[in-house]
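Written out below as structure tokens is the structure these notes cover.
Chains: A, B, C, D, E, F, G and H, in written order; residue numbering restarts at 1 for each.
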Amino acid sequence: MVSSVAKPVVGILMGSKSDLDVMKEASEALEGFGVACEMRVISAHRSPKLLDEYLSSARGRGISVIIAGAGGAAHLAGVVASHTTLPVIGVPVESKSLKGLDSLLSTIQMPPGVPVATVGINAAKNAGILAVHMLALSDASLAKKLDAYRADMAEKIRATKI
Amino acid sequence: MVSSVAKPVVGILMGSKSDLDVMKEASEALEGFGVACEMRVISAHRSPKLLDEYLSSARGRGISVIIAGAGGAAHLAGVVASHTTLPVIGVPVESKSLKGLDSLLSTIQMPPGVPVATVGINAAKNAGILAVHMLALSDASLAKKLDAYRADMAEKIRATKI
Amino acid sequence: MVSSVAKPVVGILMGSKSDLDVMKEASEALEGFGVACEMRVISAHRSPKLLDEYLSSARGRGISVIIAGAGGAAHLAGVVASHTTLPVIGVPVESKSLKGLDSLLSTIQMPPGVPVATVGINAAKNAGILAVHMLALSDASLAKKLDAYRADMAEKIRATKI
Amino acid sequence: MVSSVAKPVVGILMGSKSDLDVMKEASEALEGFGVACEMRVISAHRSPKLLDEYLSSARGRGISVIIAGAGGAAHLAGVVASHTTLPVIGVPVESKSLKGLDSLLSTIQMPPGVPVATVGINAAKNAGILAVHMLALSDASLAKKLDAYRADMAEKIRATKI
Amino acid sequence: MVSSVAKPVVGILMGSKSDLDVMKEASEALEGFGVACEMRVISAHRSPKLLDEYLSSARGRGISVIIAGAGGAAHLAGVVASHTTLPVIGVPVESKSLKGLDSLLSTIQMPPGVPVATVGINAAKNAGILAVHMLALSDASLAKKLDAYRADMAEKIRATKI
Amino acid sequence: MVSSVAKPVVGILMGSKSDLDVMKEASEALEGFGVACEMRVISAHRSPKLLDEYLSSARGRGISVIIAGAGGAAHLAGVVASHTTLPVIGVPVESKSLKGLDSLLSTIQMPPGVPVATVGINAAKNAGILAVHMLALSDASLAKKLDAYRADMAEKIRATKI
Amino acid sequence: MVSSVAKPVVGILMGSKSDLDVMKEASEALEGFGVACEMRVISAHRSPKLLDEYLSSARGRGISVIIAGAGGAAHLAGVVASHTTLPVIGVPVESKSLKGLDSLLSTIQMPPGVPVATVGINAAKNAGILAVHMLALSDASLAKKLDAYRADMAEKIRATKI
Amino acid sequence: MVSSVAKPVVGILMGSKSDLDVMKEASEALEGFGVACEMRVISAHRSPKLLDEYLSSARGRGISVIIAGAGGAAHLAGVVASHTTLPVIGVPVESKSLKGLDSLLSTIQMPPGVPVATVGINAAKNAGILAVHMLALSDASLAKKLDAYRADMAEKIRATKI
């Protein structure tokens, strides 16, 4: 796992370093497809200026998709989406008391006009793969890799012994 | 109901004009105590710059407390709280499908360091009265009015015939 | 609203004709951006062969993104996602008794490897706009239209009088 | 516990090997009644072709009832039910964050025409016994065994000392 | 709709006459397949003796499957299941305040040993069809009818115009 | 803790021996007030005849109040209430997956005419004390003990040092 | 319906006059058994002194059981229970947004030592009948009436035609 | 952590000593800002007189804000709010079975006229900081400290390495 690479195309943001255990599965999934990414801890509530700085430079630096993970009143993905027109994928991180139901609803129930592509609770791996699906729209080699990934997944299940 | 007055001390923000029916109960409550307020439609997601503008001038214009109401992924109060150190009161507005449970959790489950004083679903009236309680900390006449308000409320219940 | 056009790039599927009132907001959003789409009633449970037929030809016919809406045990988006590597956007349609909580969880809680980009309950409009965000990754004119759309949205809120 | 026998009449499917600890209680219950069964890991989302293959041969091989267990967006039982007219029993497997509420709703809230006989969360034992109840409709010896099972259960409770 | 026929093979019980609007869809579904049924209002809580009488004679009168629908603390299906080894299908009827979540959990979360085959909230039609699936295990003509029913359902969806 | 005494006035029933850790708090509370009780494992679903036997003799043996605890589809209290006009107190026992929400709703949402006096999840101690409140209606010495219990409880809190 | 009688033995309290439509079913149930009762609007939050006054005189005036109904943060029954050792029956009144789930949890989840005998949401009728069950412990004529009530209820169900 | 100081301006109440681990984060937060506070265990239900005593002297002793934390049927904050016009901040303490959902709803869904400024589940730290926000309305040095606190928080996030 690396938090930055020379030319990242996916930015992975998280509201707190405690989300790293969950969110690093997004970077691992992207790396599995050879998609460069960077990871940053940026809080919508506690470091709003840092978020502005990040978003004002992201597209120019080549970022195409942003993945944002947060827990509780998980505003990060929504606030990111309100500041950029890049596709934003939201990862509701499991919270201590309410087990991520708060994170899920805070991430997905966005108002008309500002969508967040939300994945399941703690499903950072799927967020990474969803980013690959989006990038594969204009990258035939990624599309091929997705086909191979699916075939491999099916093969593993077929080979499962119980 | 007036949306602006000469010298408002409470700012009432709402994410959409459709929240007005709920949120005007906050302004009515404040007016009942003679506390000047202003109301604005400002969306955290759809008009983030307008929100910045509002918050950068609010304290200077004499605003002491901000009440923010929104529904669904209700980020407004939290985003306001992240940009000001004035006390922020959040009103979770009832949403269509989930009846405000999403609004409530999105408003109240804030991360450590950035609190939102949350009231019940659609409880804009209580938001207005809570602002009065806060202002009464340094305004003895308001404190007296609160005593009278309570006494009146109790008297009305005592007089209820069934 | 038209259910088919000459060269659609987004396919909108729904589990039942009763979902049309919700799902047509996706086609309207896409049309607002000049993105051609087609709409089909296809049930994962009641017409699985029809779904196979649709998916086996979709990419070849130029479909780039699939939006799938269903209610209750809303399997449609997930089953579509399991048969294609095009990005799949899921719309949980509000159900009668549980108000879409069942639809939401059935759509979003996908297993690792097969993501569905889920939007809020009944948020078909946002599904359409999310498809535009994805397509804009490789279409600069769409990216410009999204900027204009955001600016227009913010302007409307700024102009709201209460 | 055996995963296959010469002439199985009940097929037990599960979406992931991690469901085995729960699902083997179904096979143990069936074995207690002398009903032969087989167990397979087949994912509706990750190995759809394997599922097609299994279902196209099941009835011909003598399978009379299918038990399907999955967690999260638990589509397995519903997808099985859409491809066969054998009775399908769904076991919502407890999920990590939402404790099986997602699995339960995804399994049970099927559209009209395609029922899944759902049992409680993680209630694979009851799924096995329910299959016996169904098979006992045309097998008098199984019906007798069910009577004995009930009597034994009642006797054990009567003998409980506290 | 008829509440009784000469030789019923499915018994449909409901806790209150107010459940009839929901539960008659079970009898209609059965009639569509030519399966004779009878309907009775019997409350587990308010008429326990009547329930005993019904169950003691049911099997002898040719009843093979019992469908039981109730709302709130919906004990009917479970209590029926505790008194018979015929397969019992539970229909959680939507309740006024909690919209059937109480009915669903009260019906499905049965203890080990006494399963209730539960269908979705208000899904009495599916309860009827599930009974047909069970009966078709030993009735080839019913199995054929189910195939035709499925084909017809798929055809209707294929023919849907939007 | 004793499970039986010479002349019990409260009967404590539980659906499974695994409920004993929770339910013994009821007997301990009763013993604290000098109220004799007996405890029995009786399942509404798995030993319905044993339940009939118990209830047919309870009043005659001097039982005045019945406390019933169960988890999941917790029908025990309701079924007891349907067979006796003694006051029935229900204890929803915490269940594994749904943490007692199922037990709570299954116990409390009784139909009109057959009430169960329900206490909180796992609140067997309060069930015991509630029985004392009921018995104290016609037993002045118990009423006095309740006053002393309350005074003692308040005193302990007053003395708490932190 | 009368709100007061010469010598009431049951006091029915409600937090707001808007609860009357629900709560009068308690008084009607009591009247059906010839049990005198009185009804009062008293709010735990808005008229705490009135509540103190009521409770300090209740036992002396012959009140034996108190029924308390409230919605939302429904503290009334709990606060009443903390001030008296008479048995307290809580009626969670359905609230507008959360449909009484808040009322139910606020009423039933009492701390150890201070139980509230809670009935279902809006189940004021059952609260009245539960009070009769309690009073019947020392009133044989009431016990007889309960037997007759049950028999009548069963008879009505037996006579139901569908 | 100290439970009392010479001249406290914030009173921190909790329903049980078991809430101390959570609630001491409020006192620690206040101490971080140099705001004196005192902590008391006082139960709304088990020691109502002690609560009356505390509240009748609080304002006179210089208390300006009261923070109240409780779990389950968490009435403490609401009962405090009904007896004082000082601002009351409620902390829903996580409960064992329902994880604080009961505590949250019991604290926040107050009736019109008696607001409780509620923070997230177990968010006692935020309760302390919210009290500082309120006090800062009339204390410029506290306002400055809040600015510094925010800047420090943002700086720490900016410096986070992953």
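By our rule, a contact is a pair of C-beta atoms (placed from the backbone, for glycine too) under 8 Å apart; a residue touches a chain by one contact, two chains touch by 3 or more.
From a predicted model like this one, the values you see are computed outputs, not experimental measurements.
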| item | value |
| --- | --- |
| Joint neighbours of chain H and chain E, given as chain labels | F, G |
| Steps needed, at minimum, to go from chain A to chain H via contacts | 1 |
| Interface sides of chain F and chain G: same vs different residues, half threshold | same |
| Chain pair showing more contacts of the two, A-D and G-H | G-H |
| Intercentroid distance (Cα basis), chain H paired with chain B, Å | 20 |
| Length of the line joining the C-alpha centres of chain A and chain F, rounded to whole Å | 50 |
| Where chain C touches two or more other chains, by residue | 43, 46, 48, 72-73, 98-99, 101, 108-110, 113-114, 116, 120-121, 150, 153 |
| Complete list of chain pairs which touch one another | A-B, A-C, A-D, A-H, B-C, B-G, B-H, C-D, C-E, D-E, D-F, E-F, E-G, F-G, F-H, G-H |
| Chain E - residues contacting chain G, complex | 3, 17, 20, 39-43, 46-50, 72-73, 96-99 |
| Interfacial residue positions of chain A with respect to chain B in the complex | 15-16, 43-46, 48, 72-75, 78-79, 81-83, 95, 98, 101-102, 105-111, 113-114, 116 |
| Partner chain D, residues of chain A touching it in the complex | 94, 99-101, 120-122, 150, 153-154, 157-158, 160-162 |
| Complex contact set, residues of chain H against chain B | 64-65, 85-89, 104, 108-110, 112-121, 123, 125-127, 129-130, 133-138, 143, 146-147, 149-150, 153 |
